Amino acid sequence: MSTVAGIIRALNSGVKHLAVKRFTLRYPEQKLKFVGDGFQFDPQTGVGIAGQKGRHILFHDKCTGCQLCAIACEGIAEAIAMVKVNNTWKHNKKAIMPQIDYGKCVFCGLCVDACPFYALYMTNDYELSSFTKEALIYTPSQLAVKPKVAQDVEIKIDDRGATHG
Amino acid sequence: MTTQLPPGMQLERVDERIMTLNVGPQHPGSGHMRLIIKVDGDYIVSCDPDPGYVHRGEEKMAEYRNYIQNIPHLERPVIHDSCNILYPYCLAVEELLGIEVPERAKYIRVIASELNRCVYTLYWLSIYGIFLGHSTMFMWPMGDRELLIDLLEALSGARVTHAYFVPGGVRNDTPSNFEERCLRQVNYFEKRLKEYEDIFYQNPVLKQRTEGTGILSRMDAIRLGTTGSVLRSAGVDFDIRKKEPYDVYENLDFQSQVLKEGDSYARSRVPYLDMLESCRIIKDALKKMPKSGSVRTKLKPNPKGGNDEAYRRVESGRGALGMYVVSDNKIEPYRVKISVGSFRNMICMPYLLKGEKLGNMPAVYWSLNYWPVEADR
Amino acid sequence: MSTIAPKFRLSRFVASLMNLILWILVLFTLIGLPLVFIVLFYIELPEINGELLTPYLALTWIADPSRTLPIIKSLLQTDFFRIAAFPGFGFAALLAAATIYIERKFLAKMQLRVGPLYCGKVEGILQLMSDGLKLISKEIIIPAKADKPIFWAAPLLFVGTAAALVSLIPVAPGWVVADVDVGLLAVFAVIGFFPIITVLSSWASNSKFPFIGGIRALHQMISFEIPLILSLLGIVILTGTLNLTEIVESQQHYWWIIFMPIGAIVFFITLLAELERIPFDLPEAESEIVAGWLTEFSGMMYGLVQLGSYVKLYAFAALFTILFLGGWSGPMVWPPFPQEIITEGITMGPITMKIPGLPLLDQEMLNATLWFVIKTVGVIMVILLPRGVFPRIRIDLLLHTGWYKLIGLAFVNIFIALALLYAGVLGPGGLIQ
């Protein structure tokens, strides 16, 4: 008898769920919203600011070419290499800046933790695919561009279920 | 045969009755490891697990990275549960370097660890469902994981491989509306968990398939050295969060879940009860967390441990996860040894599968909560 | 976006279009037309007004509006239409295709996800068409040591047997492809053929996983055939006939499911086992033996096996409707054909046209078909439901259920039927007619 009761309860549970809303995120028509502007780090307090770990952004007016980000990455993924850039600044007389290879980067954010000059942050941009491996190596001028990230939906919960809406 | 065989290989007589099956790495019913099963008709005569397909030399590579660079490296054995595998490392290194962790960081660590435990257990549960042929139990946990992964993404910036814990605390503070979002989603998650009862755990077909199979008695569980949910489903009340509490677990109010039967059904049920407890722990920790405070103790650049060693262990989704860190006054550790629950529980496979029917093989094998990547490191 | 496709040139496009048209015309003239004539040589052509209706004559007469409808009506009564379109293979294949789509959406909704969504503007309606096109375009790979004649014939036999089952089912009074006096016995005979096809195709594949799947399918189908036959004996005892049309007509006042619920439940469970649906899908257990006896079929052979499987699903659901749910009986909801169109004709502006031969199909038949389809779709939904709710059963529990429990319940059902008959409640001369 308990078998029959169990079968009926299981079927009942299945039928009940026909009334619950569907949960799927219809990517790429809908894209998830993020809180904040990306992962950042404040070297004075030594604590990061919460955010999505996406593509990096390099502020040319703050980077001094100290190579600390490249040294931090050497033990992890060896994705940062310092390259020469065309201009020189007062704060960057050696005229070198990091170039990040996203084929190797693991998006851990320790390079952001290592930078003492507020020059390297991470943004919300996660759509980085390309057709060639060479296109994945972002030069310092490509890294300076602030990305436009589409953000549409987030998880909403009501009494008929949770959806991405 | 007069020729010498290479070392490690042996000759076997081909038996007419016994068929050797290779439930290998390329099989829809196994993880990334191999089971060499000898079957006599429908009964398994012997089972020989063959791990090692995912061995990457994590422990050796950890000797070439300094203490902070080891963070993204050592979280790779279990990428969903990454906070739980970094937890003993951070605790051990804090002991070595003599660092104090602020109070708010401890609470955030507990919340992140419990969220990770739920994320891993849901993944395991969905694969358990599909091994038994239950397609709804494959889809529901994967969908409900999204609720928790969304929270972890807001907290640490990445969905898996969070790289969130560091020796000294956590890397960043919680985002702006995290507490109420976490409470809302964890409440809904608890409601979703209660739906699994009717359709899975009280389903008569499932009970007929898993009850009474692969029974592990209490004495055997202790004798074989099992840990985690396998141990607790055999009637031994040993949860490291209760017996050797670390961080703020002694302030939080939860029970360790123990079941007595020791069969596959109990082994599949203990992680589910653990998840319900995790929801309570998260809600409790959110209430008791200090509202402000620093979350990270600043370390000196390039910290060096003295000639010292430290061992700490933590209850992860699969059992006791311990890290033994030895340092010899350099910026890299001299030796990092990872002791994982999956590898310890693997001894149960040849022991439990002997004499079982072949149809019970997926139910018993996956109920041992074995994660091949972690076992191979 | 793609770097592989060449750039578009209009002249090349027009040239390829012309090439395609040329080939279609050549093949049609050389092969298509002779085939049509050969086929027409064997089909019986109807006679209208004493003249034999050849295709040329039909084409000239259709231009005359007063003769169009009688021609079409006479075509509707031919055997060929019954076998190919309604209630035969065309109808079954259409319902089978709709079932596949509904199953995917139904399961997806139960599992809180979307199912097919992008193929076709509205919630992925054209997904089946794209799946069919994909299967046609794939290469059919045959294992080297396979038994080629049987391997090629197996999917065709499977679809053929499923279609044979469909041909015995009456959809509306008078609309059945094969009106056999021992219809139910013929159904049992056809059902007994399915395990043979499964074992033949699994043996012909010459590979380990199909072998295990075929043996399991054999065990499963054979052990559930006996309860299937026994559960229907109650109905045969109470109606006294094996003809399916007469069984439906005996349910005019009450349905058999009211008096024999146990038989209905046993028949439903054995139906799930014969169709290899979850929880009884051991022969195709995906996580243990890859795909069971269908492993080596690829391309359109797999498509045919799936089509046969779903046509079989429709056939069994229709059988359940006929035997237990009253077939096509139901209140008259189809609106009657407006009489003015017959007497006065259709008025469009200044022209009034009288079309003789209307109505094409009478109201009773359409009403019967409507109720039949509604009930069959309901039964199909109930068959689809356990797929999302139960895990797969193990083989020894399956055999135990089939041989002990279901045969016992079927015998209980027979005793109930006999008791009702001898108490004079039902059957000829009973209290309830």
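Lettered A, B and C in written order, each chain numbered from 1.
The definition used in the following text is that a residue touches a chain if its C-beta (ideal position, glycine included) is under 8 Å from a C-beta of that chain, and two chains touch if they have at least 3 such contacts.
No experiment lies behind these values; they were computed from the predicted model shown.
S.K.: Go through B-C and A-B and name the pair with more C-beta contacts between its chains.
M.R.: Most C-beta pairs in contact, of the two: A-B.
S.K.: For chain A, which other chain has the most distant CA centre?
M.R.: Between chain A and the rest, the longest centre separation is with C.
S.K.: Which chain's mean C-alpha position is nearest the mean C-alpha position of the whole protein set?
M.R.: Centroid comparison flags B as closest.
S.K.: Approximately how many whole Å separate the CA-defined centres of chain A and chain C?
M.R.: About 52 Å, centre to centre.
S.K.: Report the inter-centroid distance (CA atoms only) between chain B and chain C in whole Å.
M.R.: Chain centres of chain B and chain C, defined by C-alpha means, are spaced 49 Å apart.
S.K.: In angstrom, rounded to a whole number, how far apart do the mean CA points of chain A and chain B lie?
M.R.: That gives a centre separation of 26 Å.
S.K.: Could you list which residues of chain C touch at least two other chains?
M.R.: 110-113, 388-390
S.K.: What are the residues of chain A that contact at least two other chains?
M.R.: Residues 10, 13-14, 17, 23 of chain A touch two or more partner chains.
S.K.: What parts of chain B, by residue number, touch at least two of the other chains?
M.R.: 136, 143, 199, 203
S.K.: Would you tell me which residues of chain C are touching chain B in their complex?
M.R.: Going through chain C, the ones touching chain B are 107, 110-113, 278-279, 281, 285-288, 290, 387-397.
S.K.: Note which residues of chain B are touching chain A in the complex, please.
M.R.: 64-66, 68-69, 71-73, 136, 143, 146-147, 150, 153-158, 161, 163, 171-178, 184-185, 188, 195, 198-199, 202-204, 207, 294-296, 298
S.K.: Going by the contact rule at the top, pick out the chain C residues touching chain A in the complex.
M.R.: Per the stated touch rule, the residues are 3, 106, 108-114, 117, 385-386, 388-390.
S.K.: Inside the complex, what are the residues of chain A that reach chain C?
M.R.: 10-11, 13-15, 17-18, 20-24, 26, 131, 161
S.K.: Within the complex, which stretch of chain A touches chain B?
M.R.: Touch residues, chain A against chain B: 2-3, 6-7, 9-10, 12-14, 17, 23, 25, 34-36, 39, 41, 45-53, 72, 75-77, 106-110, 113, 122, 155, 157, 162.
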